[in-house]
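Before we start, here is the structure in question, set down as structure tokens.
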Amino acid sequence: MTQEIIIAGFGGQGVLSMGKIMAYSGVMQDMEVSWMPSYGPEMRGGTANVTVILSDERISSPILQIFDTAIILNQQSMDKFESKVKPGGTLIYDSNGITHFPTRKDINIFHIPAAKEAGRMGNIKTFNMIILGGFLKIFPIMKMENVIKGLKKSLPERHHKLVPMNQDAINRGMEIVETVQTL
Amino acid sequence: MTQEIIIAGFGGQGVLSMGKIMAYSGVMQDMEVSWMPSYGPEMRGGTANVTVILSDERISSPILQIFDTAIILNQQSMDKFESKVKPGGTLIYDSNGITHFPTRKDINIFHIPAAKEAGRMGNIKTFNMIILGGFLKIFPIMKMENVIKGLKKSLPERHHKLVPMNQDAINRGMEIVETVQTL
Amino acid sequence: MAEIKLEDIIKPENLVFQKTKLFTDKPLSYCPGCGHGVVHRLILEAIEELGIESETIGVAPVGCSVLAYEFMNIDIAQAPHGRAPALATGIKRVYPEKFVFTYQGDGDLAAIGTAETIHACNRGENISIFFINNGIYGMTGGQMAPTTLPGMASSTSPYGRDVASMGHPLKMTELVANLPGTRFVARHAVHTPALVRKAKKAILKAFENQKENKGLSFIEIVSNCNSGWKMTPVKSNQWLTENMLEYYKLGTLKDE
Amino acid sequence: MAEIKLEDIIKPENLVFQKTKLFTDKPLSYCPGCGHGVVHRLILEAIEELGIESETIGVAPVGCSVLAYEFMNIDIAQAPHGRAPALATGIKRVYPEKFVFTYQGDGDLAAIGTAETIHACNRGENISIFFINNGIYGMTGGQMAPTTLPGMASSTSPYGRDVASMGHPLKMTELVANLPGTRFVARHAVHTPALVRKAKKAILKAFENQKENKGLSFIEIVSNCNSGWKMTPVKSNQWLTENMLEYYKLGTLKDE
Amino acid sequence: MAKVRGAIVVDVERCKGCELCIGSCPTDVLRMAVDVNGKGYHYAYMENPEACTGCVNCATVCPDTVITVYRIKVVD
Amino acid sequence: MAKVRGAIVVDVERCKGCELCIGSCPTDVLRMAVDVNGKGYHYAYMENPEACTGCVNCATVCPDTVITVYRIKVVD
Amino acid sequence: MGELRLMKGNEAIAEGFIRAGVDAYYGYPITPQSEVMEYLMAEKPEERTGMVVLQAESELAAINMVYGAACTGKKIVTSSSSPGISLMQESFSYIAGSEVPAVVLNVVRGGPGLGDIQPAQSDYFQSTKGGGHGDYRQIVLAPSSVQEMYDFVNLAFDLAFKYRIMVLILSDGAIGQMMEKVMLDEQKPRLTNQEIKDRFDSWALTGRTPGREHNIITSLDLDQENLERHNFHLQKKYKEIEENEVILEEVSLEDAEYVFMAYGTSARICHKALQIARKEGIKVGLLRPITLWPFPEKKVKELASKVKGFLSVEMSAGQMIEDIRLAVEGKTKVAHFGRYGGVIHSPEEVVAALKSKIIGG
Amino acid sequence: MGELRLMKGNEAIAEGFIRAGVDAYYGYPITPQSEVMEYLMAEKPEERTGMVVLQAESELAAINMVYGAACTGKKIVTSSSSPGISLMQESFSYIAGSEVPAVVLNVVRGGPGLGDIQPAQSDYFQSTKGGGHGDYRQIVLAPSSVQEMYDFVNLAFDLAFKYRIMVLILSDGAIGQMMEKVMLDEQKPRLTNQEIKDRFDSWALTGRTPGREHNIITSLDLDQENLERHNFHLQKKYKEIEENEVILEEVSLEDAEYVFMAYGTSARICHKALQIARKEGIKVGLLRPITLWPFPEKKVKELASKVKGFLSVEMSAGQMIEDIRLAVEGKTKVAHFGRYGGVIHSPEEVVAALKSKIIGG
């Protein structure tokens, strides 16, 4: 099993830390993982993206041109990454701020209204955990216990009290993810 | 014909400019010439030496380990260069300041009491021209007219009035050079 | 009083301020609220007002403003980190009649470029140096600069700049004002309209000095780095006023 | 009065001055009359008097004194041109209890090494910098230094230093005295017995400051370069007094 | 009595929502839009256009020079 | 009255003939030898040894530290 | 015993510095390696081990702080990326000439000039042939994972001290910036000053121990005969290193008809390319030099007489290929494939290049 | 028409700068090349031609003054010796990346480190492979006489402007310090500002001419795909230079069974060695590369299939030999002989080495 994922959105949406939790969850599950942020001055433009690879095998390049799965959290990222999903791959997005919806027919597309949901849950910070939940619903490649372990590893000790809230958000994400189109 | 010459003494004895006049004289005579000073911090110790090569052929290295002729003007230089004269070669020295006289038996040795003579002529600055005269007597490889041309070339215009005095000194050197030992 | 509609006001003949034509079409790459944009504009406005755009050669640094050449529609070279004053010297000496300026950040000018700065100033090169001091290395992600304030946190002084081990903030402007080679040395800021106007005057004067062969003008602009400081632009400017300006006093240090 | 013979005086018990044992046996390589020799001695005497020869690490420059390590019988490193303050910083930070000093010429410290000098001073490294200013590049054959006096001839300013194109002599000592990181900054000379004695005191104090963790001491010694100046030693010292000291005023600039 | 009236035009797509113009306006003309532009930034707009005197303050501090200012004299 | 008498020893082979000691001597003790040493330098010597007070001036300015100084107190 | 973490390569090596008992890090920020100093500063290593971390005013200052401190027998390190490393070349030559042990990390980015900040391997020549002046060498280690970023710290210092030589860890932006699993080992204690005196008093500047000669660190010898002798000594040492210290990784070379030769990030991609090619029935192996200098010349020579060709896969216009060709000496085909300027090749591209340049070429 | 003078190599090249119509020299003193700036200063070139001569505060400043001024389409030059050249490596990489024409003289001395100040050839790798970061090249010219020091100034500037590339004149302390005859030619006028605009307005910073786009000199491209394209362009240019600009001297190669390969001072000595060897009946020729990069690969290849061996004679531990071996590809014997650290081999030693390493080896 190998999952090559791009997560892309605005800085501040928790893109990098979502990737980190995924990666750490993979570690807890004894997978090979790599996490590679885009770095450099494009960060200045306010966008952030990270490539996460989860695999049973040694990982070659941490930097990829095309992906199994793209998790897309703003329009700029949609413009950039829709075309970079492998045929038969998966695109997951939150429609908040999206003006041009995905049009590809050769990939599986899912929608997670995470921003709205996070607003309703009264904590915008759980946004990325809701997305993660949706992803895990679609790809149940990691056990929840490992995800929680990963979450704990990636949080500083003093924030461990936030774990239950994050877990709730993950669960919520699993519930609200909706299929837009499947192959 | 190739003459590989080292001239060595104290800074201030006119070692470098004697070499330059030789070289320029060679140029006037259409020879190939090279002039290579020792450079760098040993100059700080007060010694100066220059390698002059006069030849009918293209000159390879301007830096040599052994010489056809050594013109030696102080004890330090004697210590350093006596052994570096090729067997059958020539050593020319001024005994002023020399404490250990040359001992080699396989080379031609000449003495020019130039310092004393320069003193007597009342111009210590002609010292190096007297030495040059001695050298030219031993090796009449350059015509006097070319030497004078070389002298002029190597002196700034405003010093050309000193040419006759220098010519006298060269002539004097030719007279006073004395054989110490010849093979 | 008749009602005046916006359309009545927004007409070419009523224009009182627009973007200088010396900006290229490219949107600035700086973070929201970054002072670099204002300083870019002031320099370009000064060049435009003096009508010297075809006589000006700029030198961009390494730093957030490394891309200044993308935005300034004048001939411009990008210098290795810290070496802009050397490039400017090289250019000005072979083109003494051109207007030559450098645009440099505090890391660029006050750290790696210290020697080039001091010596260009000391020789009194007839150039203008614009020095944007935001107390941090913006481009590389907010590391400590020589100008970082005591106690101020940065990514390489996460517990605050400790002067005992990291030294005091370096006041390059005061240093170069001490050199006989400098002619006009001033410190400005651009976070209020009044300060912007003052800074503009100084920048104009820096170019005028070149025309009159007066020698080196050195203009520091105390600016913000919202990303590096991890504050909103509005907070940054407040913090700047309260902290940076305490240490880096505004004013003309030298005008001969 | 009985006649006193020399043999009566020249006895071990009457010894009042001899060469410090911290000199190696090698004769100094300097030109006759060169001030480097005196400064070497004063530094070594200070180390001997403080009894810190096994606790001292020196840093020699590139310049005539590049061979200082041949003459000073202490542990010593030879630095790339201009970088001695960086080496000294590196050493002192890992051996804070050692005495660390640099010995640098004016080309080394005030030209290529400007950035390293300013920043070591600004950080207030707890080291001693001995700066031998002879207004010229001695080692390389008498080229102009940043410290060469206006009008002074050198091999790269054969018609005299022209301040309009070559800049004014750079007073590094004044510059670093302005930095809060420096603790003790003074300018001395060593061409008369009285001046030598004063210089010695300053050098001693520089080392004592390290012991007391007081921070950076910077001692400039205005010295001669007979070869570069093309004068006899006696003439040089006279010229030094009349010209160099006019520009480079002796005294303590800072002692906190 | 002569009075001045001003108006500004914000280049919405280039506004980065830094809000620096807001505080610089002496007559409290400006606000940030609830909407975002293509880059995701809230942008500045004239909330109280009548109060604008065309003083240019906002344009002066705008780091991205996205404000153009117009002014007329009105006779009261 | 107590008086001091001094004497110096010059390390002749290491003297570089710079003559700086000469001018530093308050009692005009020193002169340069007509002879040269192995390196070709005239070296300093005590021309007026009785005048030497052992004041160390000469040794203090000698760049090559070739002078050693001795001093005794003599009771007049 | 070990501790498993998910870390960036830059963080892993920084943690490696602390745990290896490094005495000081002197550095200057530059992308893509600024996390090294940032991590160290955040970790308060002065509290953890007494390690010194100082931000210098430039790379020139940093490498000369390293040079000074390394003269004292302590473990000293700096890190930078390509342009900053270029600034250090004079000092590298000094360090080589004066035989001081030191470790430098280069997280390579695209060039030439300011270039970009994406991963590249175009500093191979500079690293292995000597970007500074004079005849000298430095050991070059090329990690290809975050784990190796960490592991090579001890390896580098062991070699640096064994031969009194500079060791360059040649990484790239991908390995510096990516996070992977890394197993950390125990903290090594820093040597005490007394231990340093006991081990290195023959050469290190620790203050002249009573009874010994003063120690001098210099690269100067104005007598050319002496300097030549010193150079002979250096060359002898280099020969010794070439004979004893080659490290490499072999993948599927036993039956290989073709060889990918690649290091660092390129080697990871070749690993994948190898799997793809093998699936297609192409017998290709991978030779990954871990030491770029000393280069695994013998191994290449050995393979040269057996295989049908080498493909040198580099994120550069072709630099390592020269060392391959020097070892192969015309005995088999050698070609280069690479993307550069910050672009990384895909495994598929590598397979295609193998087919077109070697198999079909 | 010409004027015959006896000059040092350093003086001849300085006079060459003036007569070639160079616009500015920026430099910093270092032995054994300080005479270059000293000569220029004494000549008052600002009076002779309007040429600017400025002493910089360091080599770093000097090369960056060159970089800046060279961006304007003027003829700009600096000179230094090995340690100073090492300090310039970052800037060389910038100059390559941004494609600016410039000329640099390196009068090589013994290394590594501070080394000594005697002649050497140990900066060959640095010069030809790139001591800076990134994939780049610079043209390297190796004069072997004072006349060539003078002559190569025009050659260097012609190439620099033809390809917008840096040209390095790689000399050594012997050629810099020795005096030989040199025939000087006429003063070339400096280009006027208008002439520069006419010729170079497509790229040079001369002030934005009304009607044209602004010119930018940069080596930065943060988009790696673009930077790769730029690198492809550079590589293409380098290939073109390799094909068109090789310059070499051949001596007695027609019937040669053995070849001395040497440049600069070494080539002079080989010339003599050749005479000695020929007298003994050994058929040896001399191939002297005048361009070290581009290296005369074709010529070496051609000879490789004819001769019994190459002796690479270098004042270094063996650097150019790699380029020879790369061209020879095992087809014939290749050995290195050299003295180094500032020592120059004698012709007799060279002949002996030919016998022991090639003929008998």
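Which chain is which? They are A, B, C, D, E, F, G and H, in the order written, and residues in each are numbered from 1.
To be clear about the criterion, a residue touches a chain if its C-beta (ideal position, glycine included) is under 8 Å from a C-beta of that chain, and two chains touch if they have at least 3 such contacts.
Just so it is clear, the structure is predicted and the values come from calculations on it, not from any experiment.
Shared contact partners of chain E and chain F do not exist in this assembly. Number of steps on the shortest path from chain B to chain E, with steps defined by chain touch: 3. Among the remaining chains, those touching chain C and also chain F are D.
By number of C-beta pairs in contact, D-G leads over the other of D-G and B-H. Between chain A and chain H the centroid-to-centroid distance comes to 55 Å (mean Cα coordinates, whole Å). Chain centres here are Cα means. That of chain A falls 35 Å from that of chain G. Of all residues in chain A, those that touch two or more other chains are 40-41, 45. Looking at chain C, residues 30-31, 66, 78, 80, 111-112, 114-115, 118-119, 139, 146, 165-166 sit in touch with two or more other chains. Annotation for chain H: residues 31, 54, 57-58, 60, 83, 90, 94, 98, 113-114, 116-118, 218-220, 222 touch two or more other chains.
Interface residues of chain H, counted against chain D in their complex, comprise 28-31, 34, 37-38, 41-42, 44, 54-55, 57-60, 83, 113-114.
Residues 5-7, 9, 14, 16-20, 22-24, 41, 49, 54-57, 59-65, 67-72, 74, 76 of chain F touch chain D in their complex.
The part of chain B that touches chain F in the complex is made up of residues 10, 45-46, 74-76, 97. Across the interface of their complex, chain G is touched by residues 24, 53-57, 59-60, 66-67, 69-70, 72-80, 83, 86-91, 93-95, 98, 115-116, 119 of chain D. Note for the complex: chain D touches chain C at residues 111-115, 118-119, 122-124, 146, 164-168, 170, 174-175, 178-181.
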